[in-house]
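Data first, discussion second: the structure below is written as structure tokens.
To keep things simple, chains are lettered A, B, C and D as they appear, and every chain counts its residues starting from 1.
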Amino acid sequence: MLLEDLLFKPENSLVVQSMHSRLGAEAVNGDGFGVGWYDAQDRPGIYSSTEPAWNDRNLRELAGHARADRVFAHIRATTGTPVQQTNCHPFRHGHWLWMHNGSIAEFPTVKRDLTVAVDPALFPHIEGSTDSELFFHLALTFGLEEDPPAAVARAVGLIEETGRRHGVEHPIQMTVAVTDGETTWAFRYSSMGASRSLFHSTDISTLRAQYPDHPLLHGLSDDTRVVVSEPLGDLHGAWREVPESTCLVVHGGHEELRDFAPALVPA
Amino acid sequence: MLLEDLLFKPENSLVVQSMHSRLGAEAVNGDGFGVGWYDAQDRPGIYSSTEPAWNDRNLRELAGHARADRVFAHIRATTGTPVQQTNCHPFRHGHWLWMHNGSIAEFPTVKRDLTVAVDPALFPHIEGSTDSELFFHLALTFGLEEDPPAAVARAVGLIEETGRRHGVEHPIQMTVAVTDGETTWAFRYSSMGASRSLFHSTDISTLRAQYPDHPLLHGLSDDTRVVVSEPLGDLHGAWREVPESTCLVVHGGHEELRDFAPALVPA
Amino acid sequence: MLLEDLLFKPENSLVVQSMHSRLGAEAVNGDGFGVGWYDAQDRPGIYSSTEPAWNDRNLRELAGHARADRVFAHIRATTGTPVQQTNCHPFRHGHWLWMHNGSIAEFPTVKRDLTVAVDPALFPHIEGSTDSELFFHLALTFGLEEDPPAAVARAVGLIEETGRRHGVEHPIQMTVAVTDGETTWAFRYSSMGASRSLFHSTDISTLRAQYPDHPLLHGLSDDTRVVVSEPLGDLHGAWREVPESTCLVVHGGHEELRDFAPALVPA
Amino acid sequence: MLLEDLLFKPENSLVVQSMHSRLGAEAVNGDGFGVGWYDAQDRPGIYSSTEPAWNDRNLRELAGHARADRVFAHIRATTGTPVQQTNCHPFRHGHWLWMHNGSIAEFPTVKRDLTVAVDPALFPHIEGSTDSELFFHLALTFGLEEDPPAAVARAVGLIEETGRRHGVEHPIQMTVAVTDGETTWAFRYSSMGASRSLFHSTDISTLRAQYPDHPLLHGLSDDTRVVVSEPLGDLHGAWREVPESTCLVVHGGHEELRDFAPALVPA
């Protein structure tokens, strides 16, 4: 699909949400944005900017020309770290992409301990200063490329243990999406049990039968799946909320929900 | 005063308004901003940027160091023209500053006629592409530096006549503030008689007697006057609305309200 | 071809030239850049930025993913107009792209007269403030879409006549490239007869026979043609200079050189 | 003095050098810039940007309005780290400013070890990703605020020891300037004994006697001192080179040269 079908055309598209989010922790997500896309090249492309998405002329151009099988897109409302391109999601490692909505609580307090826990071979790849990119590198350290749910569980376990050691009550708030370009894993979890919103689309063919005239549904193949923090429109029955403490796995036209819990990190 | 006393410290400061305006036509004014300030130099300084004001590190630094007798500040929500520094208010001509909240309706339709009406000697000074900067140069063409209310009345008259000739029902919506560094003229007018909001502060000494402990009132001299699109806080009795079709003139510690109406432009 | 084959891989690529031009009027062309590319979509895409090309992370990403049949790319050293995206080349009108290396002399003096000469229907499409974009709209006014060499000749004629009326000795300095996506016209002309440099590549198949191991030549089809201000490398015999006062027409695998002279504009 | 007297008026001013450095490792220093200035406020102000200094409109405005007793200014040519505001010099800690010309060799290789050596209480204050900011925080860790030459010597000692442990032949190349707003310390050192250039101005009163008509010398008080990587003009006798392995201390109208050598860090 063309990126614009996803980023600009839906009534509550991500670009619309950047100025007026309905469900987000912040109504305005104007502190930069990023989009990663998989096409015929080995590595996904990334376009990111510190401008608000609603103003970016290049994004509109790119979205009208780039075609992709899989797209990651993120709008940012900073929780304190600088507004700079190296802090824009998605983050990339090889052909993997990662994005995170939420935060590691009291990040300045726990940042050093978490930084030291990153595999020294991965350390030089950290370019920015966010909690989200560091979280990604912790997951990579714990084997993200082999077993994503297990690696994320260990990273979250370490973040919670480190936070609690520093007296932080609720160390993490997160939805996370990560992909190798074939499978996507989306996590919804928070230490306080009240996580940011996460939705996935229902089966497109069922939906198309229900709304034969809806333009957005026409261009999509039957195995298309959309995972979002906030629905892209008000189409009744189109979206299902991902439950708390859950990992959603999407591959081909199939999705699977698994329980998710942080893993204890062996001392 | 330090710029930060005006731009950052009030509870509903301009920087706060840039993300959450209460009275503005748009809730988010994130399409750049500008500040002009008069100090000991001949010409006012201007700092402007296309970033949202809430994110600008340099603005915070400048505001913590620059002292001024008179400050103009503006946050922008574009009505269609590009987000670029040359489109940021305030606009400057010699020691004059101008800023405009509102728009010239169907600007692409009337822009050429209005452009041609600008004094050819002033034409090369137009740097950007907004209705607001062109409006400023029309007012300069009509004698802004000699008689501001008369010049603005003629500029508005021309804009309305030009718009109506092109079939535009309500050609202009405006609050405008203009100063030579000594006197400030603020206009509230719209062709449809429902103009954007405009307020001015009441007498500081009265207010200080009423709220002896309010920190913001301490640093201000008795002849300070503040003119805003939206009050900077909820201090009861601190703000008076400027009526429709009115020009407010502020000089020294005095303010005066005059009726304002567009002037017919001789054919 | 991938954009990076043109923009990044050659030894003296455009990105290299942005920091160290050998033949340009300025050694540093760091005042923004732009690239336009034709792919399967109706309209060419444009990516432009006010940053120096050598620093732009998004350009590198885009260039590694976007494939195109025809590419226009430009690096800018401003001759006085602001560094902003609307002043970056190439400029677009429908499916046409235009870029200009050089300047209209004493532009502030002649800008108003030239602006008024633009077709009023085209006037609202002028977004920036450069001489180059105005020149494009003059050429459009004079029929660029029907007969490019004739339209450019009339636009240059008007610019020269206008300049001379204002006492400008050498009103224009230019190389210009314009395309409809199928044919490219490149002009080399200046009022003083000492125009900026312009080169075109020789026949790729001949060159490939001569340098069977050169990597850049491998990916190119036989009808590829490259037109540049400055050769992309030191391959002997690869580049021919376009003579003064000449229009080069490239279509398919063929190129043609025609004399070019400004046309008198009827009073 | 007004910042513009230093940044814009000299014939080979820093802004001129940003496009055409004569002595720098790179001719073009267009990867951002920064200026720090001390005025009546407690903390110095910082204005920085990722744009080339030659293009920045706000810098020109600020420089025409901000007055300061002491100014630090830096133009950047990145040695690999991203072009972002948090990587612009000068860096600030409390009322201290630091800037560095040069690099820590093979920084990705040694970065982790050096990062871990930073005082954990200082670690959260590192905002960017450069070798220069990390070097500053190492010097702070080793007591910069108490004894700058000793602290810099220990930081350099650690950098050299760490580099050599990782097989780096020449671990550091540097000129560094650091100030508390009263005294300035400038260091010239490199592991290979061929350091970047560093100059200081000679006594202004002597110079003024020699060139009674030179405009730049008029506005300067007798105790003014200028320390630069590259002279600001060709005034014969105005500049003295700081020798290799030297620390220059400037306080009031006096300067002192001391030998500088890295200190061994106790294991």
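Everything that follows uses one rule, which is that a contact is a pair of C-beta atoms (placed from the backbone, for glycine too) under 8 Å apart; a residue touches a chain by one contact, two chains touch by 3 or more.
Note that this is a predicted model, so its numbers are computed, not measured.
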item	value
Same or different contact residues where subunit D meets its copy subunit A, judged by the half mark	same
Chain pair among A-D, C-D or B-D whose interface repeats that of A-B, sharing over half of the contact pairs by residue number	C-D
Chain centre separation in whole Å, for subunit C relative to subunit B (CA means)	40
Touching two or more other chains - residue numbers and ranges from subunit C	57, 82, 85
Residue ranges of subunit C touching subunit A (in the complex, touch as defined)	37, 39, 41, 43, 45-49, 57-58, 61-62, 64-66, 85
Residue ranges of subunit C touching subunit B (in the complex, touch as defined)	82, 84-86, 108-109, 111-112, 115-116, 120, 123-124, 127-129
Subunit A-touching residues of subunit B, taken from the complex the two chains share	19-20, 27-28, 30-31, 50-52, 55, 57, 78, 82-83
